[in-house]
Structure formats: C-alpha cells, structure tokens
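Chains here go by letter, A, B, C, D, E and F, matching the order in which they are written, and residues are numbered from 1 within each.
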Amino acid sequence: MRDRYLPHPLMSLTLLIVWLLLVNSLSLGHVLLGALFGLLIPIFTNPFWPERPHLARPLLIVQFIFHLLMDIVIANLQVARTILSPKPSIQPDFVAYPLVLRNEFAITILASVIALTPGTVAAALSDDRKLILIHALDVPDPQKLIATLKSRYEAPLLEILPE
Amino acid sequence: MWTELLISFFILAGGAFTLLGSIGLARLPDFFCRLHGPTKATTLGVGGMLLASALYFSLRDGALSIHELMIAVFLFISAPVSAHMLAKTALHLEQLDVWNSLRDEPRREP
Amino acid sequence: MYGPDHPRHGTSHLILSLTKTVLTWREFWRPEAEPAHTIRARPPSYQPPSLVMELLLIILLPFLGAGLTALCARLGRNAPAWAAGIVTAASALCFASLVPQVFDGDAIRVAWPWIPELGLNFSLRLDGLGFLFVTLILGIGMLVVMYARYYLAPTEALGRFFSLLLLFMGSMLGVVTADNLIVLVIFWELTSLSSFLLIGFWRHRADARQGARMALAVTGGGGLSLLAGVLLLGHIAGSYEISDVIARGDLIRAHDWYVPTLVLILIGAFAKSAQFPLHFWLPHAMSAPTPVSAYLHSATMVKAGVFLIARLYPALSGTDLWFFLVGGVGMATLIFGAYVSLFQHDIKGLLAYSTISHLGLITLLFGMGTELSAIAAVFHIINHAIFKASLFMAAGIIDHETGTRDMRRINGLWRFMPHTATLAMVAAASMAGVPLFNGFLSKEMFFAESLSEQLPLGVTWLVPTLAVIAGVFAVAYSLRFIHDVFFNGDPIDLPRTPHEPPRFMKIPVEILVALCLLVGILPGITVQPILEVITASVLQTPAPHYEVVIWHGFTLPFMMSLVALAGGATIYVYRRRLFAFYERIDHLADAKRMFEATLAMAIRGAARITRIFESGSQQRYLLILIGVSLIAGIAAYLDAGIAAVPAQEANNLDPIAIVTFVILAAAALAGTIWHRQRILAVILFGAVGLVVTLTFARFSAPDLALTQLSVEVVSVILLLLALHFLPDRSPAESSAGRRWRDATLSVAAGGGMGLLTWEMLRRPHDSISDYFLENAQTGGGGTNVVNVILVDFRGFDTWGEISVLGIAAVAIFAILRNLVLAPPRSGIDGRPWAANTHPLFLRMISRPLLPLALLVSFYILLRGHNLPGGGFIAALITAVALILQYIAGGISWASERSVRDYHPVIAAGLLVATGTGVGAWAFGAPFLTSTFGHPHLPLIGEIELASAMLFDLGVYLAVVGAVMLILIQLGEPSGNDSATSPQTVAGNPIGGEGE
Amino acid sequence: MIIVSIYIAYALIGISLLLNLWRLVAGPAIVDRILALDTMFINGIALLVIYGVHIGSGLYFEIALLVALMGFVSTVALCKFFLRGDIIE
Amino acid sequence: MNALFAIAIAILTACGVYLLLRARTYPVVLGLTLLSYGVNLFLFASGGLTQARAPVLGTQVTYADPLPQALVLTAIVIGFGMTAFLLILSLLARRDLGSDHVDGGRE
Amino acid sequence: MSHLIIAPVILPLVAGAIILLLYRRPGAGLAINLAATMALFGISIALLGGAASGAYGVYALGDWPAPYGIVLVQDRLSALMVALTAALALSALLYATSGALRRDGHFHALFQFQLFGLNGAFLTGDLFNLFVFFEVLLIASYGLLLCGEGGGRDRTRAALHYVVLNLAGSAVFLVALGIIYSVTGTLNMADLAVKVANVRSEDAGLLGSGSLLLLVVFALKAALLPLHFWLPAAYSHAAAPVAALFAVMTKVGVYAILRVYTLIFGTTSVAGAALDWLLPLAILTIVLAGLGALAATSLRRLVSYLVILSVGTLLAGVSLFNAAGLAAALYYLLHTTLVTGALYLVADLIARSRGGVGDDLASGPAPARASLGMLFMLGAVAIAGLPPLSGFLGKLLVLEAAIGHAGMAWLWAGLLGSSLLAIIALSRAGSSLFWHTSGESKIRVRPAALVYAALPLAASPLLVVFAEPVSDYASATAAQLLAPEGYILAVLGSSLGAIAP
C-alpha cells in the first residue's frame, strides 16, 4: 500500500518544500497544493526511481553537509591561489580511489563530493565499481589524498547510506 | 547598512569566484586541470550571488525569499555530474587508458 | 468597353444567379426575352421561335450525333455510318427549312446571352455566305459519310471516326453560322481540334501523328492570333456581334488599331487556309484517311480562312494594306502551290498543293477588293469544293484499290478502272480550268479581274502575268494527275491488283462530277441565283449584276485561259527536266523536316531555359530567393532614402551589452567559419542561443527568454540525435569563387537586415498594445500580458501554433516509421564508441531530477497567466526532464516507464485547446472567448481559475506530445511502428559510411 | 553600495564571459569547448541573478533556474554524443 | 545600443544566409537556426527595445510592448517544429539521395 | 452569433486530431476524413451562399474587438476560396479512396490539417495570423508531399528543396511582419489599411520594404517567376491526390497578394511599386512556364508547368488591378485550380495504367480504357485554354481585361504565345501517351477512380455553361475587393472613428 501510494516519502517532502520555495509563499492553499504534488508526482515517476534510498542518522547528514560547505569554500580559496599564481607550480595527476561503498546512490554522492572539494574531480568509475578515477589538480601525495577523502566523506556516507 | 554590506560582500565574493573559475578555465595547462575551475569556483561564485539575491529580496520585501537557494542546490548537484561526464568524454576522446597506466605505476596504486 | 473606372454590374445573390441562368437556358426556346445586360451597343434582334430552333438544331444535331455515333459503334459496322448519315440528313432538313428566308435576302439571327458583361452572346446568323458554307458542309459531308463507310476497313474504329467527323461538322457549321466573333473563334478552334484528331486517326503511323500535331500547332496557333485580332476588332467596333462589326467598316478602318487587328485576323485566316508561308501543314495533313482530306482539307475546313476573309470583308477590306496583304499572300500562295503541286509524287500531295494554290486564288480574289473579284472568289469556293472533293475521293479510291499513292508506281489504271478514271478526268479538267467545266468559269472571272487591277509603279501587267503562270502550272499538274495515274505505261509493283471500287464508293464522286458539269455548262440556272444571294451577304450591299455565262467571246481572259492550257501542256511534256531541277532544291522546301527541326530546337532551347531556373540546385534556388528578397527589401527603401525621424530616447551602450555582443558575434562567425566540423558549430551556436536568451531577458521579455532557452536545448538534443546518423564533417567542396559569392550575398543580406533594424529602432513606436496592457487583467484575468495575449487576445495564433508542432510531429513520425536508421559503426573521427552505455552517476542524479523538474514545469504552467511561463515552456521542461531520463537510462529503459505512444497526447492537447475554445459557444460567445473567476474556497482562500489555463493545458499536452514523439521516434533503434506494419526499406541504410 | 558592487560584479562576470568565449573559440579539444559553454551558462545565471537584483525584479529567477537545468542537460547530451553517438540509445 | 543590436542581427543573418547556401543538409539546418535567431530578434525589435519593463502587470508603471513578444514566441515555436521536420527530412534525404548533399550525389 | 465562419477552420482540426487519436485504425481515418471533408463542403457552400449577398461576416475570436483580437472575415473572396478548396479536397480525397493511401492514417490526419491551414489562411483578417496559417498549411504539405507510394530519390530531393525554400520564405515573412508592425503598430488587416493610408511620409520607404518583402513571400508560395522553380519537382512527385490538393496551394499565394494589395496597400504608392513589378513578372512567368511545358518529359511535369502558367495568368489579371482584371483572375482561378487538380489525377491514372513507363512522355503500352484518353483530352483542352471549355473563357476574360492597359501588348503576346506552346506540348504529350503506343496495357484502372478524376474536370464545362452567374460572382467579388471601405467598416465598425486619425 505505502509503496504504491507513497513510494518516496522523502521525495514527497522535498517536493512540498520545493513547491513552497517556488511559489515563495506559505499560504495554506499552497501547502495543500504542494502536498498534492508531493503525493501525485512520485506515483507517476516511481518507475524511474524504483530503488528507495534509506537515509539513516539525520544529524550526521546535517553535519556532513556543513563540513562539505566549509570544505568547498576553503577548497576554492586554495584553488584560487593556484589559479592566480603567476606561474602555477602544480602536480596534476590521476589517482585511483578504492571504494568501500557499494550503494550506487552513495557512490554517486561521494563522487559529487569529490568533485566539489579541493582540486579533485571524479573522472571515471571502474566497471566493477571498486575504483573511482580521480583527477587532482595538485597531488604531491596520492595516498594522503585518498586517506583524507576516506575519512572525511566516505566514512560518514557509509553510515548515512548503509546497505 | 550591515545588510547592504553583507549583500555587497556576497555579490563581490560571488563575482570574484565566478571570475576565478573562468580564469582557471582560460589559464590552466590541460583540460583536466581546466575542469576544476568552473566545477568549483564558478559554482560557488554563482552560489554567492544567489545568496545575495535571496538576502536582497528577503530584506526588501520583508519576507523570506529563499527560492534562489534552489538554483544553488541544483548547481551543486549537477556540476559534479557535468564535470564527471566531461572528464569521461575527455578520457574517451583522447583514448587515455588511465586505468592501465595507473596499474603500471605501483606508486599510484593505493 | 469598361476601363478601370467602369463599374461592373450584377452583384446578385449567387443562388439567384444560378436560378436565373437555369431560367435563361430554359428560355432557349423562347429567346425573345431580352438578355439581362448587354454592354455591347446593340442587343441582337430575334427571330420567330421556329426558325430559332431550326438554326440551332443545324449545329446542335451533329454534336449530339457525335455522342450518339460513338455509342452506336457497338451495334456493328454500319451503325455509326448510318447514324452519321441520318444526323447529317436531319441537320440538312432543318437547314432546308430556312433556305427560303435566306433567299429572301434576310439574315436569320438568334442570340442568347452568355457572358453579357463581356459582350459574349451565343448568337447565330444565317445569311447567303452562311448558306453557301452550310450547303457545302452538309452536302459534301453527306457524300463523305457515304464514301467513308466503304473506304475504311471494317476493323477500324468506325464509331470514333464518324463521331469525330460529326464533331468537326458541328464545329464547322458553328464557324459559318456564328454571329458573334468569339463564338466564331470557339468553333474555329474546335475545327482545329477535330482536324487534329482526324488526321491522327491512324495513330500507329508516325506521319499521321506528326501531321496531326503540325496541323494543330499551325491552325491552333492561328486561332490564337485570330482570337487576339477578334478581341481588338470587337473593341474597335464596340461589339462582338458580326452583324454589328460588318456594319462599322469605316470606323474600323479609321481606327489606330486597324493594322494590328487586320494582321492578327489574317494570320488566323491564312493559317487555316494554308496560305503561304503557313501552308506547310496541309500536305502533311494528308496522312489522314482520305475522306477526311476530301472533307476537311479541301472542301470545308481549309475554307474557313477564306470564309472569315469573306465574312469580315465589309469590315476590313478596302485599304492598301488589305490589298497588299491579302492579295500578295494570295498570289504567292497561288503560284507557289501550283508550282510545287506539279512535282509531288504522292497523289494526295499533288492535290494538297493544288488545294493550297486554289485557296491562294480565292484569297487573292478577295484581296483584289472589287465587287466582281469577290463574286469570283465566292464562285471559286463553290467550284473548288466540288471538284477537289471529288478528286480526293478518286485519289482515295486509287489508294484503296492499289495500296499506294505513289504516282511513280501507279500507272495505266485506265485499264483497271475506266469508270473511276473518267470521273477523275472530268474533275481534273475542272481543276485545270478547261471550258465547259465549272472551274473554268471562276478562273476566267479571275483572269478578267486580274486585268482590271491597278497597281502602282506601272506594273499593271504583273498580276495578269502571274495569274497566267499560275494557270499554266495548274494545267500541268492536272495533266500529270490524269496522265501519270491512268496512262503512262504499266503499274510498277503495286501491292494490290486494282479494280473498280464498290458501287457506293463511287456514287459520291459521281454526284460531285455531275455538279462540275452542271455548273460548268448551265451556270445561269444552277449558280447564278445562289451567287447573288451569297455575294450580297459578303459585300453587305446588293450584288452588282453579273452574268455567269460560258462564252464571253474571244476576250483577253479567254486568251489567257488558252495560253494557260497550252503552256501547261508544254510544261508537262518537258517535265523531266523540270523534275530534275526540282529534285535538287527539294530538300530546302521540306517543311515537315524544317518544322520538326525547328520544334526540336525550340524544345531543346526551352529545356535549356527551363533548366536555368529549375536547375535542381538548392543552392541556386536559395541564391535566387535571397537575392530577390534583398532587392525587394532594399528597393523601396532606396527609393525613399534615409528619412529624418523624430528623435527619441536612446538606449545607451554598456559593457555587458558589448560583452554579450562580442560573444554572439564571435560564436556566430566562428561557427560559420568552422561549420564543416558540425558538432563544433552546434556547440558554438549554443553560445549564440544563450546570448539571445540573455538579450530577451535584458529587454523585458522573460517569457521569450524562457522559451528561447528551452527550445534551444531541445533543438541541441535533436541536432545531436540527427547528427548521429549523418557525417560529422562536411567535405570541402565549395570553390573559393562560390564561397566569395555566397559571402558577398550573405553580407549584403545581413547588411540589409541590419539597416532595416536600425531604421525600425530609431523611430518612435506606437502600437495597439496599450489595449492589451489595459485589458489583460480586467478582461483576460492575468497579469502576464504576454501570456494573456498568447492564450486569450491572440489565442487563435497559439491554437494554430500548437497545431504546427503537432502536425510536424505527425509528419516526422510518418517519415521515421519507414526509415531504418543504421547507426555508424564508429564514433567521431573513427574512434570506437565508449563501452559504458549509461554512466552510473548520471543515472543516479537524473532520477530525483524527474519529479523535481515535473514540479517546476507544473509551477511554470500554473503561474504562466500571471508571471512568465505558460503551457509551452512547461511542456518543454517536462520534455527535457523526460529526455534526461532517456539519456541517462536509455530508450528501452525509459520507454518502458512512460507513455509509449504520444499520438494520443498530441490529439488530446489539440482537442483540449479546441474544446476550451468551443466551450464558449455554450455561452453564446465566439470561439476562444475566455472566462475567469476567483472562487473562494474554505481554508485555502481565494484561488484563481481561468478558462485560458485549460487552454494552456491543451498547449502543454500538445507540445509535450509533439516533442516526445519526435525525439523518441528518432531514438528508436530501427525506427518502426508495430501497428502500421513496419516497412523495411531496402537499399543503402543511412549512416556508417563516414566521409 | 550595493549598486557599486553590482557594477563591479557586472565587470567580473563580463570578463569571465570573455574568458569563456576565449576557451570556447580557442579549444583546443572539443571537451574544452563544451566546458566553456557549460561555464558560460553558469555565468549567464550569475548575470541574470545580478540583473534581477539590479533592477529589483524577481522575474529573472525562473530564467536562471531554467538556465541551470538546460545548461546541465545540454552538457550531458553533448558528452553522451561523444561517448556513444546515440544520446538516447 | 540600437546600432549594436542592428549589427548583431546583421551578423546573425549574414552567417545564417551563408550557411543556408552550403551544399550539405546539416549546415543548412544550422543556417536556418541562426537565421531564425536573427529574424526573431528582428521581429522583437519591431516593438522597440525596452529595458527593465517586462509586461507583467503590477511590477512597473510603463511596460515594454508585449505584442511582439507574443509574436516572437509563436515564431520560435513554429520555427522549432519546422527545424525538427527539416532535420528528419535530411535523414531521409541521406538515405534516398545517397549522400547528405542537398541535391544528392555521391557521399 | 453565427459560428459558421469558423466552422471550416475548427472542423478539420478536430477531425485531424480524432484521426490521430485513432490512427492505428486506418478505417476510422478514412471514414472521419471523408465525413469531415463532405461536411466541410456543405459548410463552405452555406458560407458561399451567405457571402453572395455581398455582406461581410466578421467573427471576433475570443470576443475581443478588432483590431486587438484576431478576426475571421468572410467576404465573397474568402468564401469562394474556402468553397473551391473544399470542392477540390473532396475530389482528391475520393480519388485517394481508390489507392493505397486510403489505409494510411497519417495521410488522413495530414489531409485534414492541410485543410485547416488553407481555410484559416483564407478566412483570417489578421496578418500575423495569416503567417501562422501559412505555416500550418506548409507543415501539413511537407508531410503530405512525402505520403504514399512512389517515394524515392526524386521525391525526397523535391521535398527537401521545397521545405528549405519555404523555411527561408517564412523568415522573410517574419521580417516583413516586423517592419509592418514597427511602422503601423497593428496587425489587423483592416486596421492596417487605415494605418497604411495615413502613414507618415518618412515611414513610407520602410513600409515599402515590408510590402515588397511580403510580395516576395507570396510570390514564392504562388510560384511566380523567378521563384517558381520549386514547383514542378515537388508537385510532380507528390502522390496524385496530394498533388491535386496542392493545385490550390499556389492559389494561397495568389489569394494573399489579392487580399493584401487590394485591402491594405490598395490606395497607396506602396502598392503601386509592388504592382509595377507584378505584371512584368507575371508575363515572364507565363512565357517561361510555356517553355517549361514544352520541355517537359513527363505528364506530371507538364501539368506542373501549366500550373505555373496559370499562376502567371492569374497574377497578370490581378496586376491589371481593375475590376475586369480581378474578375477575370477569379474566374480563371476557379477553372485552373479544379482542372489542374483533375489533371494530376488523370496523369496518375495514365501512369498507373501504363505500368513501368509511368507518365513519361515516351512510347509505352496504350492505356486500356478509352475513356481515359477522353478525360485527358478534355483536361488538355481545358487547361490549354482551347474552346469550348473554361480555360478559353478564362483566358478570354484576362485578355479582354487587359485591353487599353499599358502592358496589354506584352501580356497578350505572352499569354497567346504560351497558349500555343501549351497546345504543342499537350498535343505531343497526348500523341506520345495515347497514339505512339506499343500494344495495349493489361492494367485496367478502377472505373471508380476514373469517375473521381472526372469530378473536378466536370467543373470546366459547368463553368462554361454557367459562365454568367460565375462571372457575375467574380465581378461582384472584384468590386468588393476594389472597394475595401466595406471590409474596413465591417471589421472595425464603430471603433473606426476612434482609430482613424
């Protein structure tokens, strides 16, 4: 029953919030309308997203996001120095990052995070999904980079998105 | 006054990061390096301006207007995927067999 | 005539007009009613009903009979002939009942209005001249029908033959009884048509086909000239009624347009009557069955030209131009025909040139312009018809019996068919102008008239001399006809052994030959009275007294006849030397070859000229279109020059404007320069699209920015989908010259557009739009004026616009369902494709994006009436969101999960939009009238509902359906549709070959 | 003060756009150009947002949102084209 | 600004026309796209260029002429349908004509 | 409020949409298409009956007053065009029922959409809306052109060229609309007439550009020289019923010229400039079309060039710009549309019955049915302008109307000369197809198809017999066109005083 009529409760909630953001209003009418969309749209789009990510540890999520935002700002300042330096002395290279995460959704989030943070971009995923190919702007020490990413992002993600 | 200051700050910071990303795009030596600028800096820069906009309209109209954040969120979600797709494409087009080259160099092996 | 400022009549209700016409045509039988409007000077006068009906029936019966005869063909061999005969007889009977009145000197005239405003009445006139021709047409027609019954083989299409013969008969009767110039032209062209069909009767013969086409080209073309001349004549005379025209000769001759009128009419007449140099079709018309030659091409149709000259004689004759043109052409034809005739080896060829010559004689007589010469002309028309018809029939008998018409093989037939030979000799003697035969009488009149002709420059002797020379040749070819066929040794290698023809085949000849003799011997009794009536009608004055008698004494004309006879005999005796001379120059005069060669050249030339324009080159076509547009756009502008306009508030330049401009310019130019790398051009033009979007946003058009952007991206997707099946590079194939030429034109076109833009922008602008701004909210219930215009003020445009999109989708589907799209074997620049089909990260990210994007699109849809957005943009967002699923997950994955067939979606969209519009009818309002309200709901408060939103929903559905139908069909691996039985097209599947 | 920063931001974005244009036209690789176009889209968002603040109009929000969405989709589509040829196989 | 706008339209038109005159279908499609940009901007300009006056009632005192905007919107949509059709037709043409040359011929 | 005026527009769209809904059931497509076309014919006759009185019917869409909303206007001309289209469509469709197209659901939908576009174009009183309906009828025609058997290299190429040219033409149309709107600030044709008549002198040049660019667009649609080149290939490769229906497509261009230059630019020097161009181009069109006909290598190409010839003749009549000229053009328009439509059907029958040789003007088996030869003969006589069929009367009216006009001599020479070329070409064609034959073909076309092909041809003798009422209607239409005040008053009504300066 719930699977059929409320396949993605989280998405439904997101839709309600997004609706309220879109209309920039909190009137009852819009709450109801937003809720209606939140209920109806996932029913129709469910076939496109059959998996149901189960988020655990909501507090950790908030913490994770906060860390991430901070990292992004800092990372950007670092990148700024690199870019603006008259003669950038950088060592760009590829790094193969070994994945512990198995959840597809979690892997995707990790890759996104890698892309948003200090001088790294997730360039490819190996066919067996055990390695992410990372391009880093400046990697004097690849192992250190891998370790940082693991502790800072992959570990919390393992907790947030188990399976 | 301080609100104006805040708004101006976000506008200018945003503009600066935007420019930063574009300078990176223009200046860095190879494609994979250039990829970093827009993916991070420009996204952040636009985020800053969106924040400025949200602040501006919230204060002007005296009501919370944070729908600009949706754009920022969208960009933060989409930019990595764009970057990933571009990197994938670059690897494909340049026929770089990075996986194998990484195996050949044990130093890089985790 | 009505000029530009002359008001036209008749603004009556169509139904009423139709009824009126039906009534008018019912009044056919009591035409005393006046026609509604006759602008032409004089409404035709009317005759008692009985005569009217008979006059009409004379013409109508053959036409009706033509149909009847065709139907009779199934009843056996004789039926069509009998039907044709009976019809001719019936027509003759009607005619006979009118003869007394004609002989009383009254022209019988009837008319029905047809297009009265034009002065076109269906009017008929039977007077002396008409009488003559009707007699010839029906009389000889009757004989020809009888003759043809035996001439044609039983296996031939007799029904068709007699049907066409009657068609001709009716047309010819129409020509000679028409009292309206246009009606005359109508029948005139009909005779050309039926002649064409009759000449081509033996369709399997190449000469028949060529002869038929040539005859049609010349006589039909002459008819066009005649039409032009007749229109001028009618304009001058103020009426197309012949009765009016011939009464206004002085007016006509004094008019500025007299010369062109005369020339045009004469060209028509000369073409029909085979006058030099338009004579050449006639000999080739001889490939027709001989009854046709006898009837059309000697007795009647070819006389139409001289008939016309006679008919319009009072209107046009009496000027120097008339004399030189008609007389000169007649004389040339007379001599040329007679000369050439002698050298023909084909019996019918000889007769054909002889006919040309005699027609020339008649023309010449009319050209001389005296009353007596006109009498002689009329007389010769009669005589020639009689003897030439009989000669043709005799020639037909010979052809029929021997199987050939070649006089070099036909010899000594006297032994095989003495009876026929006798008949032929009498007729030939008449043709030669031997005394006691009818031809002699008119020819002697001609000689007499030639002597009275006064020419300038003291060349009085010229006409009689030429007349005698022509006479000499006439005697010679007549002699040849008799001697070479019936004597001159034994036949050579004939296909058949000749003997006398069937009895009934000879009867017509016998009748005609008897007439030759009767007229020749007893002219005073037989033709004198008739001649007077005819001549009076030709001259439109009482005929001068003239006794047609055999013997005038040893006058100069008689001497001339004798000289001709003697000279002719002499020439015939020494013919071999002449023949040898003629053979040498023969090829120069082969008209058929010249005609065919000229025509072939004309066709080649026409093809060349046609190819200049219809070159098959799209580039050339576009060059022309753009060039023409450039000229059109600039011409008026240059004409007016740069005008001073009131100054207005200027838009100042700013750095952002310059930056966006630079991007636009650089990207557009770079994309154009590098267009051969197609994908590169797509990317660069993406930047152009972005700048256009920003420009719309900048200049107060958020809706446009949204639309442009969405369309841009959907277009890019479409371009990529299509490019997959096309080469990714264009070869370098334009020459430098072409590139420069194109670049020059492009710069000019761009410059023109820029100039026009600048002109528009520097003017103060004033429009009806204030109304929209004032009424959008109060009348349309929306604050986004652009959207209110789209769904309300000009919802009709939008209704059409979504239809365009829906139709495009349907049309695209119809192409793609039968198109097997084979993907290329390798990727860009020959690389293999990447192995990973659907990257995980993209797949994962796109999943939550779908519901979010749909939410955004509903938001855009709902708010469109009040804020930028609307059904179209919403639909594109939905489509893009769906397409993202296809990109990320693949078509089979995505198709399983969504609507599979978008046809019903398009249909539903169109029907919802239309239904919303039609809904207004229930409230007595026009299509698309909108309504809106603000109902108050408990808890929620006031909400806005507008019917225009429902319309916009229709837009949304139609656009989603259309875009998805196009994109998905293009992505289908084999582009097929299971329901409509896929049709795999053999041959070269597209894609894959690379460059 | 805001207006001054807006003008400065215009200048920064303008320079950014020109730099993007440079990369777009100069390449050298096709991915460089796609990246440049993608960045141009994002800079376009920045421009629209600042313009909205400048003229005090909220009408540009949806345009900016759509630019973000459409820029993403077109970048993805272009990449997919080079990877697989058929972008919706 | 007016002159700049005019020059932009001139460039779009010139480039569009040049591509329209190419011998292969794809550049022709691209040329039509570019030409459409130019023509749409032209039609847009017929109502004058007005900044910061979007015709959304209640936001301003005076507004830009909304009518050309509606017209351009219609033109864009129609242009899209037409371009799509031409593009698909060019696929058919490549099969039927043996190449993507606008008049057919060898690849 | 009578909704009759809009019925010819709504009906085909709804019918087309329903066919689309049921497109997997081909029987339904045929049934709906036939029913809708017949109903359309009935409606158009009713409309014609209403228009004959000379009254204008104005339908304000959305109940918005002119010039702000879009109006449909029914006058004599628009009613005539709608009726003509319906009659031709019915014949073409009946003919289609005898071929493979009957089972093609998309054909039926596109057919109705084509009628939708045509009727909209004829009825609209708004210049931009005219553009929209031009696009509707064009996109439908693109689809129809590719419908049916007999596709392949030539047809695809023709379609490609046709589409590209028309897309470029549409761009020109938009430019013209932009200019005209910029100067006048309005789109309603009646309002435009008022505004154009009072245009400021400094704007006259700009407006002239717009007017001439419009002429280019319409000339392209009408296939006027030098923009006629697309027609022969496109029309002669279309499926027969489609080609027959297309006979009215060029007339849309003619209609638009007639409408725009009588109503909007009627009294201004702007019209004069356009008309100065029109007559010489029309005459050249006539001449070149005659040459094209002479050079034609297939019957359909021949007919196509005769379509172009008829366009030249029509526009020559129009460019005389007097009552007689317009009336002549209108009479000729009825004749030529129906007869050329019929000739495409006859050509198809001939091609079908000759087997592999098709309609090439080369020796081949003789068509099995004699009646086919008669049909060809009738059609040829009619289209060549030979008596006694309608082509002759039409030509006569045009010639007559030119009397006294400065271009008379040229027009007469061109028209008569080309008539001769047409006669020669048609006689050669008939001779090749029916006389120069090798044995008799075994293929017998269905009698029903013959009857359907004969239907539009039957119009020719009817136009002759009922020449008086038809030419009365044509004259009345011409009078209406030359007195546009009635139209303007009917559309703008009371608001006229407020609008006119």
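By definition in this document, a contact is a pair of C-beta atoms (placed from the backbone, for glycine too) under 8 Å apart; a residue touches a chain by one contact, two chains touch by 3 or more.
None of these values were measured; they are calculated from a predicted model.
Colleague: Shared touching chains for chain A and chain C?
Modeller: B
Colleague: Return the chain whose centre of C-alpha atoms lies at maximal distance from the corresponding centre of chain A.
Modeller: Centre of mass proxy via C-alpha means gives C as farthest from chain A.
Colleague: Taking mean CA positions as centres, which chain lies farthest from chain B?
Modeller: C
Colleague: Can you identify which chains form the pair with the largest number of contacting C-beta pairs?
Modeller: Max contact pairs: C-F.
Colleague: Averaged over CA atoms, how far is the centre of chain C from the centre of chain D? Could you give it in whole Å?
Modeller: Here chain C and chain D have centroids separated by 61 Å.
Colleague: Express in whole angstrom the distance between the two chain centres, defined as the mean CA positions of chain A and chain F.
Modeller: 62
Colleague: Between chain A and chain D, what's the gap in Å when you average each chain's C-alpha atoms?
Modeller: 22
Colleague: Mind checking the centre-to-centre distance between chain B and chain D? Centres are C-alpha means, answer in whole Å.
Modeller: That pair's centroid distance is 11 Å.
Colleague: For chain B, what residues touch not just one other chain but two or more?
Modeller: Where chain B meets two or more other chains at a single residue, that happens at 23, 35, 37, 43, 65, 67, 70, 77-81, 84-85, 88, 90, 92-93.
Colleague: For chain F, give me the residues that contact two or more of the other chains.
Modeller: Chain F, residues with two or more chain partners: 128, 132, 135, 139, 142, 146, 157, 160-161, 164, 168, 175, 178-179, 181-182, 187.
Colleague: Which positions in chain D are in touch with at least two other chains?
Modeller: In chain D, residues 11, 13, 17, 30, 34, 58-59, 65, 69, 76, 78, 80, 82-83 touch at least two other chains, as defined above.
Colleague: Can you work out from the touch definition every pair of chains that touches here?
Modeller: So, checking each combination of chains, I get A-B, A-C, B-C, B-D, C-D, C-E, C-F, D-E, E-F as the touching pairs.
Colleague: Which residues of chain C touch chain A once you look at their complex with the stated criterion?
Modeller: Against chain A, chain C makes touches at 835-836, 839-841, 844-845, 847-848, 850-852, 854-856, 858-859, 863, 885, 889, 894, 896-898, 937, 939-941, 943.
Colleague: Touching residues of chain E toward chain F in the complex: what are they?
Modeller: Result: residues 20, 25, 28, 32, 35-36, 39-40, 42-43, 45-47, 67-68, 71, 74-75, 78-79, 81-83, 85-86, 89-90, 92-93, 96-98, 102-104 of chain E touch chain F.
Colleague: So in the complex, which bits of chain E are touching chain C?
Modeller: Within the complex, chain E contacts chain C at residues 1-15, 17-30, 33-34, 37-38, 40-42, 44-58, 63-67, 69-74, 76-85, 87-92, 94-95, 98, 100, 102-103, 107.
Colleague: Over in the complex, which chain C residues touch chain E? Could you list them?
Modeller: 616-619, 622-623, 626, 650-654, 657-658, 661, 664-665, 668-669, 671-672, 675-676, 678, 681-682, 685, 688-689, 692, 695-696, 698-704, 707-708, 711, 714-715, 718-719, 722-723, 725-727, 730-731, 733-734, 742-743, 745-747, 749-758, 760-762, 765, 767-769, 772-773, 776-777, 783-786, 789-790, 794, 797-798, 801-802, 804-805, 807-809, 811-812, 815-816, 819, 821, 866-868, 872, 959, 962, 966, 970, 985, 987-991, 993, 995
Colleague: Where on chain B does chain A make contact in their complex?
Modeller: Per the touch definition, chain B meets chain A at residues 17, 20, 23-24, 27-30, 32-33, 35-37, 39-41, 43-44, 63, 65-67, 69-70, 76-77, 79-81, 83-84, 87-88, 90-91, 98-99, 101-102, 107-110.
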